[in-house]
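Listed after this line are the structures, all set down as structure tokens.
Across the two complexes that follow, chain A remains constant while its partner is chain B and subsequently chain C.
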Partner chain A sequence: KESKLCDTFEEPLDTFLEDKSMLENTVEERTTWEYHVMYNQSYSVPTLHFNAWRSDGALLSLEEVWGRALKCYRGSLEDDKWTVLTQQEHPILRRPFYTLHPCRTAEFLESLKEKSSNILITWLSTFGPVVGLLLDFQYGRSVASANH
Partner chain B sequence: MANDREVLREIWEGRLPVCFQLNSEETYSLQAPDAYYLMVPRLSYFPLVTDKVRKHFLKYINPEKQEAEMWLDFNGQPLRWHYPIGVLFDMYASDIQLPWNITVHFDKFPEDELLHCPSREVVESHFMSCIKEADVLKHRSQVVSNMQKKDHNQLWLGLQNDKFDQFWAVNRKLMEASGEEVFKYIPFRCYRGDGPFVQHLVRPVTEEGQKKTLHHLISEVFPNETDCVHVMTHGIEPPWETPLQWLSEHLSYPDNFLHLCIQTS
Partner chain C sequence: TEPQTTDPIGSETPKSEKTDKTKIEIRLKANGNATNYMKKKKWAVDPDKKISSIMEFVKKNVMKGEVEKSAFLYVNQSFAPAPDQIVKNLYECYGTDGKLVLHYCKTQAWG
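Our next item is the complex of A and B:
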């Protein structure tokens, strides 16, 4: 591996700079995500609010959020995206946050009530990944051990 | 059942005179634009009624910003377009002299304060989600989800095109208590100062089945303060004895929520 590195650096500078793949590899786009879980009193369900910013501080647009969030659910959610994920006013902070609409959550949770010892973790592990929030495996372990 | 049609009609026809002016810092042309005057419906949302305002001012701003999203401010406060126009007015009423002077912007969109609104679909999505939430609060069964898509569209079109009959042909179903005498909970939001709006679960009747009034609602939401607050909606202060069920059926906005502005005396 070491010799390979030396090879790269020994290339003439012109060739090195023209190899665009080198440039792409060094540019890292970092997105910062912030998540809030709130209890929605009207629907009696938890709701997920989040925001995502590029490294220059700009908020991701709705189109960009849909593009990333709904990647794994192409097809069914694509048609309904306007009723699933949009910007809303955060109920406490009053700032704009992307929000997963609570209407479907109620149905989903109702069907799971008897089967889960921690409905909040079940909910979060199901809906979180839609918006890039992956739960640590430890959460799953705690639910599994409670079920035994 | 919202059967006092006269009241419904009066509420629907509420209008406000607005004077729109371009933010002076954004005037690109040599000549400053004329102010744009418009009567706006209290029940609607700014993005639905300001197409002509945008068109009027676009030619005076930087030609490279023609696609920019327009936003509004009053007294330096960005106006939350997702609140109905009448709600915004009542919130700031004590500071307003008619016509309502609003500043138009195309630059420096305040992303940390305002929701983006690049299209009417955004307004429709917001409007429909309020309707759904109000339905969940009012009805044990879900009237909205049992409606056909064309009914949802009719509500939206009725609002957009200012068609009272078209809107109420569908909305009357949402104003029925569906089997029960009253709604399960009253959909409402209270606005006070700068804080977040207040929304609680309030029933329209007491446990003994007595009709509750506006006074009951305010006592539950702002206990110990009923003597020193004024409640304004649609530019009026409803009497304290007004029954909540009637208030919800007749004085709700098209999104099916009561929007109450609270002022402390």
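Our next item is the complex of A and C:
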């Protein structure tokens, strides 16, 4: 069984299984997630672009990505699922990436701007977990503004 | 005393000690622009309680009619701990004066 992983996509950020014999015995599915933080010029906010692959190289579908969203966010995502999480062309790499639609990000960050010395960390800690990107809890140590 | 309805994250205790078995005191405060907020701010939770359960709790008790939103919790009003993080770790890192202060924000984040 030849692995197709090297043929289907370029430079993954995560390491993946190279020993194929391990794949036959495992019942656990291993997925690889790749995240890019981009600045959206139209909305003047950071946005999170990401993709996820199964170990056979196949991209996860939108439904599958939704299925993996944490329960604590699901209620709020259910209603306008298809407008919230979309697939768009990556502005630099020019291939499809999933992204959380940024139209409300500015308004959301407005309420937090004053207290944060690093709005990017504030933003990433909020939006990242929804799509599987978890920050170590110590990241927040340096984020409180001096006035706090 | 206040009536106890569904109180999944525990009841109020006046003091808490920093031992593993004892509950941790948290303060739930509304972020600056919140229109509804919980009157009761002081809560005692099990140290191994996850942030996600507190998010659910805030959602139920503050946002009763607004099921389409999420409640986001912040330490130092600037950092959202991951939902699977436990209170004990956050208290040890961010707790002051024997309590952990969490601000909740229920502004719509996506769309």
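Following the convention adopted for this analysis, the second predicted complex is superposed on the first by the 115 of 148 C-alpha atoms of A that agree within 3 Å, B and C clash if a C-alpha of one lies under 4 Å from a C-alpha of the other, contacts with A are read in each partner's own complex, and residues count from 1 in each chain.
Note that in this section a residue touches a chain if its C-beta (ideal position, glycine included) is under 8 Å from a C-beta of that chain, and two chains touch if they have at least 3 such contacts.
Predicted, not measured: the structure shown is a model, and the values here were computed from it.
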Partner chain in contact with A:Phe108 - chain B first, chain C second, else both or neither: second
Partner with the higher number of touched chain A residues, chain C or chain B: C
Partner chain in contact with A:Ser117 - chain B first, chain C second, else both or neither: second
Partner chain(s) touched by A:Thr86 [first = chain B, second = chain C, both, neither]: first
First (chain B), second (chain C), both or neither touched by A:Ser42: first
Partner chain in contact with A:Leu62 - chain B first, chain C second, else both or neither: first
First (chain B), second (chain C), both or neither touched by A:Arg95: first
Contacts on chain A seen with chain B and repeated with chain C across the two complexes: 83, 101, 103
Touch list for chain C against partner chain A, complex: 31-33, 52, 55-56, 59, 67-70, 72, 74-85, 89-90, 93-94, 105, 107-111
Complex contacts: residues of chain A adjacent to chain C: 70-73, 75-80, 83-84, 100-101, 103-105, 107-108, 111-112, 114-118, 121-122, 125-127, 129, 134-135, 137-141, 143-145, 148
Touching residues on chain A, where the partner in the complex is chain B: 41-43, 58-59, 61-62, 82-83, 86-96, 101, 103, 106
Residues of chain B defined as touching chain A within the complex: 80, 82, 111-116, 121-122, 124-126, 128-129, 132-133, 136-137, 185, 187, 195-196, 199-201
